[in-house]
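Structures follow.
Same chain, two partners: subunit A is paired with subunit B first, then with subunit C.
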Partner chain A sequence: MTTETTQKRRERIDRGIKVRSESLYALNSFEEIAYLLTPRVLLIAAFVLMPLILSPWPYWGRVGLSVCILALLSISFDFLANYVGLVSLGGAFFYGVGGYMAAVLNTELGLPPVLSIPVATLLGAGFCTLALLPCLPLRGIYFAIVTLMYPLLMTRIIEAFDILGGTEGFRGIDGFSGFFTEQYGLILAMFIALFGLRRFVNMDGGLVIRAVKDNDQSVRASGISVTRTKAKAVFLASLTGCFAGAYYIHMYSNVGISSFALDLSIMPIAATIIGGAGTLVGPVLGAAILVPLSEFLRDFGSLRIVVYALVLTGFVVFRSEGLMNYMTRKYQQVERWVKI
Partner chain B sequence: MFYDILVYGFIQSAALILMAFGFSLVYGVSRLPNFAHGAIYVFTGFIAWALFNTVGLPYWLSVLLSILASGGIGVLIYYVILRRVRGMEVSEVIATYAIGLVFLEGLRYAGFRGGTYTLPVASDGVSFIFDVPVDHQRVLLMILGFAMVALIWLLTKYTRMGRALKGMAQDERAAMMLGIDSDATAAVAVALGSMLAGVAALIIFPLGSLVVEEGYKVLIYAIAVCVVGGLGSWAGTVIAAFVLGYSQYMTVAYGKPHFQMVVMLLAIIATLIVRPSGFFGKQKQLEERV
Partner chain C sequence: MSTHHTKEPILEIRSLSKHFGGVKAVDDVSLTVNRGDVVGIIGPNGSGKTTLINCITGFLKPTKGTVSFHGKDITGKKPHKIADMGINRTFQIMRPYFSMPAYKNLVIPLSSPRAKRVGGWRGGGKHGDRDTVAVDILEELGFERDSRVPYKMAGTLPTGYLKRLELGRCLALRPELIICDEVFSGLSASEISSLVPLIEKLNGQGITMIMIEHRLAELFRVANRVMALSYGEKVTEGEPDEVINHPKVREAYLGSEEDF
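Let's turn to the complex of A and B:
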């Protein structure tokens, strides 16, 4: 090549402090402890302080809770899609099943929220896992299509057979006893889901689940049942999703077929992709961006979905790594241009 | 009653072929799941409506222009979005679906809702087939439905472009080695698929009214037909359209109309569980399931 232009490439190197704080010796210095703790403490502090700050405005308190609900659904999507390799376009299925379970337990059997939510979460997750069990051998686009159909099918079945309250749904479900109970119950659950799953994916069980995503044939060759592993993962994801549904209907005291609505499948995907896929924290960040945004756009009706869909497309096509991956990279690495 | 079911089931099947053929073509040729299919369907209808009623063009011209516009949208969707995420199936699904949402919800926001928007029918007359009265729009639907399939079949059999499409479907690498431009061919496929969606819209919409919800319905119908027939298999698409069309008409005739959608959704789920490659799909089992 005789051209005079010098070509450059971007080089990324880990920051010194990142390398130093990787091992146990990070405990030797406050600087390194601070480096490790700051992002985690920021996240926890933000959510712990949120109810205190928002308590004078109950409306925005509810918005804060919607962030957590969406975060739970998105964590469930992210876990399934990026750790198990099952892309579920039907997050609303988990949510709706959890919601209806809790509604039935509360209105028909008279269980108080403190019982109906956990029981609905467990039963709902069991139901979702059983319902999805036949589709578990599918992968890629086939699983995506089949899961997209589940919530739609539930809506149509409830409409056509006029069961579970038909198009009306259930009303008069018990609410929570107080503002702070409602707030901290959900925030605690979100932390359990987030940190629990983050820990789980690095344990032995999680390792097998991740192996299913990377190379399911090798998992099979190791004598481990792929379908059983996937079923476990789906159970975990549907626990998270069903809890969100069960909690939400107790917040608003009613449930209807809108619990299976398409928005509830799309928003978690949008939150995950904007926040950063495969990080589990990213979805929380994405939810924290999307929900307030949607509140500001509430007056514009369906323009809201247009904005989401545009942002989602933009991120999928142009910035598929998402915010969290971008920020992690900036936090851990320095970039510079080097001549080649 | 028997002839009723025979004739109207046939019409329903032809409508399903029209709705699904574009989707099947795009997936069959370029392995691109175009989830914006339903949105393009509705959007073409609205373009035709706007050109005819707002701009005041003659109907035939607005039909022609709106079909061209749907092809244009297809090319744009391919070059702006799909090309960048090609090969990442899930991103393809999410990106095209999101773009579809933009179109549909954008139309809803622009105020196109309710049953006030209708396209004129080609002719008001009624013919009798086996003593069953059928209006001319439905006759046209039947004829065009099969004409489209025949036309596309001839296109892929006897034209250079069609053979390129077929080559891409069979083996993309080998086709590229023989000098077929992968991007251009895929763009042509998406454009053709979108135009087929547009044609379907312009034939089917005059039977009812233009509503945004139709977009979601058409997408599900198209997916149902393609999944049952086997994604990418053309003969399968036609056969599946008949099976589903008749079963749909029977559920409407003997049951509640609510069950129409349940039939489609159950068909998709059942097919994917039992035989994911569809009943006439050529893909190997191992490719899509463990």
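Let's turn to the complex of A and C:
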């Protein structure tokens, strides 16, 4: 409700159909059901149809998968930042740990992707959670800075001790059996992460996690360990991030220290800001905009980053709430000017 | 108020001190709280009342001295461990989860290990039941069940309801001992007079209470014992009438005779 003039103010009220489709009344008629289902079906349909449409162009198929990878990392960032209150710049850490874990499992132990990816996801998430455990009492910018150090630390350790393939990394990792297996495996995983987390944050366990962001002293006074609650949340976020890393290295059959690159920590933030923070769907939308945009801008050469920066700045300045929050508002509410 | 027949001590504070650098916020305070008591703690601003309960509930580590609950030493334990044992507190500056509806505020404590352990079939266990239990507790605290109040965002509730919500968080944990940090402050006379019977009712249910209060008249209606603090030190302790007529208490609140 912003006051633009002294005489009038903008009023937002819920659309009738939004009110009617809350709770059990949604089953009133097909109109209400359609109102609720349309946005969800659109999103699912877009991702289910994507491989079918892109199958003649394998290059663009890979771009589609990059969208999903970035979407996973962004969901992980959004969950930690806006539901737990931990602004993590360690996206690359989750990603790299998952990637290296899968590479070791595949090349050294000979596990096929169908095993190495889930095992690397679980082990990697466990490792990331343990590594971040000492930082959990930190808040705000301090947590952000420490998590930024982790991926940098990993690259230096790998270089200095020449472990895990050193600067070369691992090559010859098993790929996927076919185009559609690769595509739908990742798309399915992305939907599980998205809808799973969206459901979780509204369950009682998720509510406790959100309470930590709201008021951690109250959570302590409720007999709940804040550190343990944060650790659970970090585990969920790193599951998502590690899966992205593990899947990606099987797509490209190699892994190197670029898996810990700073971009992988920064890009999710950009996608979350554009898509809409705190919505979990927003980051997917943001990723679906950013990755193709960056492909189209390849022609601009090094000017690419300038255009990129302009788009991002534009969003922060003019639509800081992000696309998803904006669209949800338009979908659910009407605005009108009322005299005071 | 007179539900205590057996003098069974549940909380024992022995020569507790909390120093911040050179400031002795709490200095050598001892207090025994028996089961069923309503103990009032009074004292002018800055006399160390809140510091004392922060030390009891683990939010601060005492410099010296011990706190024991049911004979077990709990000095310096973490706040959530102490809350888990059944010592639950309210905050003077209310700490609700502003972005959640009032009843969801109680779902958090109802999801705690203690509520799951002690709460029985209504408190813990099955998913989805906690919402109902939360509204039950709010109704007991004077949130009208069929009104919109329990479902409003905590951030939009007036102070009176937020104070009750603080109590609700304690009740959801099935407390043995509730420590109230100025529940009456900032409330109108009518709001206070509706809270007093509530405190009496909770005490009647066997919950022991410690109440920090500035509103002495209302406190003395519910308290059976009062301790007065001044500059971190215990001035006196006893029946409410004795304490309020104690010369040092009058001096702490009103200034000494010579000042007039």
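The rule we apply is simple: the second predicted complex is superposed on the first by the 314 of 340 C-alpha atoms of A that agree within 3 Å, B and C clash if a C-alpha of one lies under 4 Å from a C-alpha of the other, contacts with A are read in each partner's own complex, and residues count from 1 in each chain.
Basically, a residue touches a chain if its C-beta (ideal position, glycine included) is under 8 Å from a C-beta of that chain, and two chains touch if they have at least 3 such contacts.
Remember, it's a predicted structure, so these values are computed and weren't measured experimentally.
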Practice task
Scan A:L303 for contacts with subunit B and subunit C and give back first, second, both or neither.
Solution key: first
Exercise for the section: For A:I44, select first, second, both or neither according to whether it touches subunit B, subunit C, the two together, or no partner. Expected result: neither
Exercise for the section: Once the structures are superposed on A, label A:V226 by its partner contacts, choosing first (subunit B), second (subunit C), both or neither. Expected result: both
Exercise for the section: Spot which of subunit B and subunit C makes contact with more residues of subunit A, would you? Expected result: B
Exercise for the section: Would you check which partner chain A:I145 touches, where first means subunit B only, second means subunit C only, and both and neither mean what they say? Expected result: first
Handout entry: Doubly contacted residues of subunit A, that is, touched by subunit B and again by subunit C
Key = 217, 220, 226
Completion exercise
Within their complex, subunit A touches subunit B through residues 81, 87, 89, 134-135, 137-142, 144-146, 149-150, 152-153, 156-157, 159-160, 216-217, 220, 226-227, 262, 266, 269-270, 273, 300-303, 305-306, 308-310, 312-313, 316-318, 320
Problem - subunit C - residues contacting subunit A, complex - result: 57, 59, 78-81, 83-84, 88-89, 91, 95-100, 104, 107-115, 127, 130, 169, 172-173
Handout entry: Partner subunit A, residues of subunit B touching it in the complex
Key = 33, 80-81, 84-85, 89-91, 93-95, 97-99, 101-102, 105-106, 108-109, 216, 220, 223, 227, 256, 258-259, 261-262, 265-266, 268-269, 272-273, 276, 288-290
Completion exercise
Contacts from subunit A onto subunit C in the complex sit at residues 203-205, 207-208, 210-211, 214-215, 217-226
